[in-house]
Amino acid sequence: MADKDVLIDIFTRADLIMQSDIRFRKMIGSGQLQIVYYPVRGQEVVSSAMMAAINQEDYLVTIYRGLHDQLAKGIPSKDLWAEFAGKVTGTCKGKGGPMHITHPKSGVMVTTGIVGSGIPIANGLALASQLDKDGKVTVCCFGDGASNIGAFHEGLNMAQVWKLPVIFLCQNNLYSEHTPMAFATSSETIKQRGEGLGMRSVRVNGNDASEMYAAAKEAVEYARAGKGPTLIEAMTFRFHGHLLGDTSHYIPKEEMEQAIKDDPMPILRQQLLDLQVSEADIAAIEAKNTAIIDEAAQFALDSDYPSGDEYRIDVLDVEIAA
Amino acid sequence: MADKDVLIDIFTRADLIMQSDIRFRKMIGSGQLQIVYYPVRGQEVVSSAMMAAINQEDYLVTIYRGLHDQLAKGIPSKDLWAEFAGKVTGTCKGKGGPMHITHPKSGVMVTTGIVGSGIPIANGLALASQLDKDGKVTVCCFGDGASNIGAFHEGLNMAQVWKLPVIFLCQNNLYSEHTPMAFATSSETIKQRGEGLGMRSVRVNGNDASEMYAAAKEAVEYARAGKGPTLIEAMTFRFHGHLLGDTSHYIPKEEMEQAIKDDPMPILRQQLLDLQVSEADIAAIEAKNTAIIDEAAQFALDSDYPSGDEYRIDVLDVEIAA
Amino acid sequence: MSTPDKKEAPKQIMFAQACNMAMAKAMADDPKVILMGEDIADEQGGGVFKVTAGLSEKFGTDRVRSTPISEQAIVGAAVGAALVGYKPVAEIMLMNFITVAMDQIVNHAAKLRFMSGGQTSVPLTIRTTTGAGTGLGGQHSDMLEAWLAHVPGLKVVAASNPADAYGLLYSSIMDPNPVIFIENTPTYFSKGPAPAPDHVVPLGKASVPREGSDISLITYSRGVGACHAVAEKLAGEGISCEVIDLRTIAPFDEETVLKSVAKTKAAVVVHEAVRNFGTGAEISSRIHEELFSELKGPVGRVGSGYAPVPFSPAIEKAWMFSEDDIEREIRKLLR
Amino acid sequence: MSTPDKKEAPKQIMFAQACNMAMAKAMADDPKVILMGEDIADEQGGGVFKVTAGLSEKFGTDRVRSTPISEQAIVGAAVGAALVGYKPVAEIMLMNFITVAMDQIVNHAAKLRFMSGGQTSVPLTIRTTTGAGTGLGGQHSDMLEAWLAHVPGLKVVAASNPADAYGLLYSSIMDPNPVIFIENTPTYFSKGPAPAPDHVVPLGKASVPREGSDISLITYSRGVGACHAVAEKLAGEGISCEVIDLRTIAPFDEETVLKSVAKTKAAVVVHEAVRNFGTGAEISSRIHEELFSELKGPVGRVGSGYAPVPFSPAIEKAWMFSEDDIEREIRKLLR
């Protein structure tokens, strides 16, 4: 079991993620926001525990389903919400949107919408750290389905050959879009693929804060010590389908019921109570998160859209003539 | 030890390959042929034993370094030599050249110059056989370096998920161009990568005719029985560098000396003698092969080049207007 | 999903439905037609846009195969099966994802017939969809047809309405050459007259959905709707626009294009793809090369701006080709 | 291999050598310049064409990194390092191999600056080489610059002589944008005057290696040599050709091109790439759009035929763009 304050830290991040996910789905459902949204409910603890084990200067590369990773890594909610809403006050001035959230100040270097493509890029960030000897690690998040694409293989091989300080965090939620893992994946585990590539690989219950945190810490120390990359296969689940509107029809009823029983959030909350964190203290954390989201959502709604001409800016270093 | 007649069969193919390779290098060296050539000397037994275990109707997909595979599979030497020479009498009317030898009559469906790209295509051939229940197997040849590219990973995963009747023959000659395997490959073996993908995988001395033949036979039976693919990592060596002109400066002297000691051809020849195949019978096989090559080489030199207009034919099903 | 053998086809059908019907007919007509793609079988939802819905139930999962997320493996398997007599239809979910499969498409599908001296061929169809305007952002909206049009050995097809989609997709599947069939996500669910079950549209033939005398608007896919709208508007002012729907982008129907422009003596080429180095440049060049002396003025080109597809609606709209752009080009020419 | 700091540079150097010297200078000037590619370090031979020979010995294998055969991983690693201040130079051995790396090039290198709202940038250079005419066949000879020119956010550069190669490659490496630097295998070992060590050629600026008054020949890479040869020949007949070497293909130097054609009133665009949907179409279209009424006739285009690159010399020659093609287009215009 991780220390109390570590678990509080993880819970604080995870609760912000959970509440943000709920709020996004609510606002999209009510039409206040019109965006394609990839729910993260159920995967909060994986990224919260991972990011609790690294620092702000460390790098993160993630994917379209990245809200949990981005918030856990520390992107200010206002900037993130504004970007989701396509506002000029967003992290990317509204040009990238939810699928391309970027915020170097928080170490969030790339969010990609192409399955697997973050992996080779993460190597480059890690290579820079290795050459600069700046002690940073790079965390690269992707899903189980991504382990079937070529970039995964090329990226892991290169990272291992070069002993790069990178952590490949495969968030195995057992489904890629509507495809169950076993249907499209030749190996029983993703861990096994990392081992096949000669990489230090572990498989953990990503929904258990302490277990996930321990695995993350170990991988981070391993990387910072210059020993090379680790593949962490973190078992988790997504409760609201691939993207909002997905009815999860393809998920067997029993599987869903079990997953809900194993929902990491109430479990982690109970763990805090068991560690004598008072209901009041927990409620205070939750209230603070609610306030952050209230402010961020309002900020996003109130902010202006960028002007159309913005499309000529940031294509190259110089503005493109109209 | 494989049966005598099997070994004779393998030797007959392997000797044709060895003599052809020697002749090609001679004719290129003397300027009679001006082509980029990828020597196969040293890898004769791997493909001869593999192809001795399958039939003419079975499919082969191979690579730029494919002369040994193509001859072992049974492409008539005249057609092959003429294509190497870019003549209209060649397998591909001179349009493909050495790097794209194709001869469906012999089951040689694709020769590609792109590392790893034959693997996904081999799956398609095997899928057709699986759907047609025609009992054919597809053999897909590639090198150790190809195991670092994405297509290898995607292809093996799909083949295993679909249990395709395909045999992935990785001819591990320990080098990719001037790069030793260990320098660029994160795992100690290629076999290990197949296992990481949940595939039946074996590693054999591809230069030992009996061992290679046994592994091939097993894989073929496994595939024909509908059990799925096999990855065979066949250890071998190439004596004349990546392409003709390569001095092999990057190969340690001792390694090269040991490889020459282990040259599969004299060893296989001696095995025949040990099995009471007479020197005269062996000499007859060699003489027959020499005659085949004499005729093929002459045919290639005597044949005409295709006419320039040929470039408008075979682009689409209909001829392109000038 | 209705399929051709249903007694009477609906009067109006959606674009996505037309594609579904074309595949159903092709599969019914030829047992060698098989489908591969991510989540395309009914167990996996019948395609993210439901374009293949019902087909695996009807024809079985041997012929309608959901795949791993492996575009190289998908296209490669389709190429291999095509080499030995199958007519595979590979779905690349979104056009931006062809970037991971370009080797199989360009170095293999397009070239194997030629490099084998005609011994083999690749009767493969790659279906993919794309299109901006709905906030999918920089990696899910690109129109990349210009790349494929530049590759000898590939045919590139894009329909502008359900009936054409039905007739063109069927022809693409039956064509002995590799064909890239480009669908348009934003108009997947817009309706049009249903085709007769035996409706076929030949590849390489453009259509002239609107005849006119003052100027030729040459376009395809979603550009056709935009050109129609502008033509309607300008008709009020007595400007008569002829609209040419290329339908096959490469090799394109020069005869129909040149015949039209020889008549109108003016042309604007319109597409959603980025204007710079887009397909419009080739079409414009061919018109100038053949009809230079007869033209009222230079062929106009309309395309989207020089930028990745922006996410925020305001920027996306400003970046994207528009009816205003088309109108401006027309007026520039006819002023 | 000589490097800039050698006392006196040789009078004549080879193209490959110029590229080597440019990388050596960039690495000496900026510690953030690193090289990655297959077999590029000296242990692995210093590159299959020896273009990087000596660099790992000089700058160490931390900065000159031989890689696995993994083009996606190579370009991806270069993108990642570029995001945090490095100026990586990734070598893709042959241009056909970019087909396996197009996702990293197009969806990432070209777009990350824009999608991040300018928070990040990708000062990356991708060196690659290609070119037909030496019997390398269908998968090792393609000129694919038209694809990359169509991608907003990428610069595409090609030099026609050693001095330009030196000055352009140096500028490409130092440029804050992703640049594709296209070398030409068949002319790697042809010589030209050596540049001064501090010779720099700005991106986006074409050169006018030969002035003329009757017609403008607009070209790049190997097309420049061919245009010079034809210009020489026709000079004898009193036909005066101006040769424009674009040097940067995208975004290209419209000002220089239009200024030249405004003077000569006639133009032919020449490149080795397949003519259909090639870069020549964009350049031709831009000229027509800006100078239509001043032109003697339609801009001519010369490119290679609509086919994969054939292996057999006889077919390859017939397929490939040629001096005869250029001459024919010129005469067609000036007759």
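Should a chain be cited, it is by its letter among A, B, C and D, assigned in written order, with residues numbered from 1 in that chain.
Keep in mind that, in the parts below, a residue touches a chain if its C-beta (ideal position, glycine included) is under 8 Å from a C-beta of that chain, and two chains touch if they have at least 3 such contacts.
Everything quoted here is computed from the prediction, not taken from an experiment.
For chain A, the chain with the farthest CA centroid is B. Each chain gets a centre from the mean of its Cα atoms; for chain B and chain C, those two points are 40 Å apart. Put simply, the C-alpha centre of chain C and that of chain D have 31 angstrom between them. Between the Cα centres of chain A and chain C there is a gap of 36 Å.
Across the assembly, chain B contributes residues 92-96, 100, 112, 114, 148-151, 154, 157-158, 161, 183-185, 315 that each touch 2 or more other chains. Among the residues of chain C, those in touch with two or more other chains are 67-68, 70, 72, 96-97, 99-100, 103, 107, 114-115, 137-139, 152-153, 305-308, 310-311. Viewed as a contact network, the protein chains are fully connected, with every chain touching every other. Those residues of chain A that touch chain C in the shared complex are 34-36, 86-88, 92-100, 112-116, 145-146, 148-151, 176-179, 183-185, 249-250, 305-312, 315, 320.
Listing the residues of chain B that touch chain C in their complex gives 59, 61, 90-96, 100, 102-104, 109-110, 112, 114, 117, 119-128, 131, 138, 150-151, 154-155, 157-158, 161-162, 313-317. Residue ranges on chain D touching chain B, taken from their complex, read 38-39, 43-45, 48, 66-72, 96-97, 99-100, 135-140, 305-308, 310-319.
In the complex of the two chains, the chain D residues touching chain C come out as 72, 96-97, 99-100, 102-103, 105-107, 110-111, 114-115, 137-139, 142, 144, 146-147, 149-153, 250-251, 273-274, 276-282, 284-285, 288-289, 292-293, 295, 297-301, 305-308, 310-311.
Considering their complex, residues 148-154, 156-158, 160-161, 183-188, 192-199 of chain A touch chain B.
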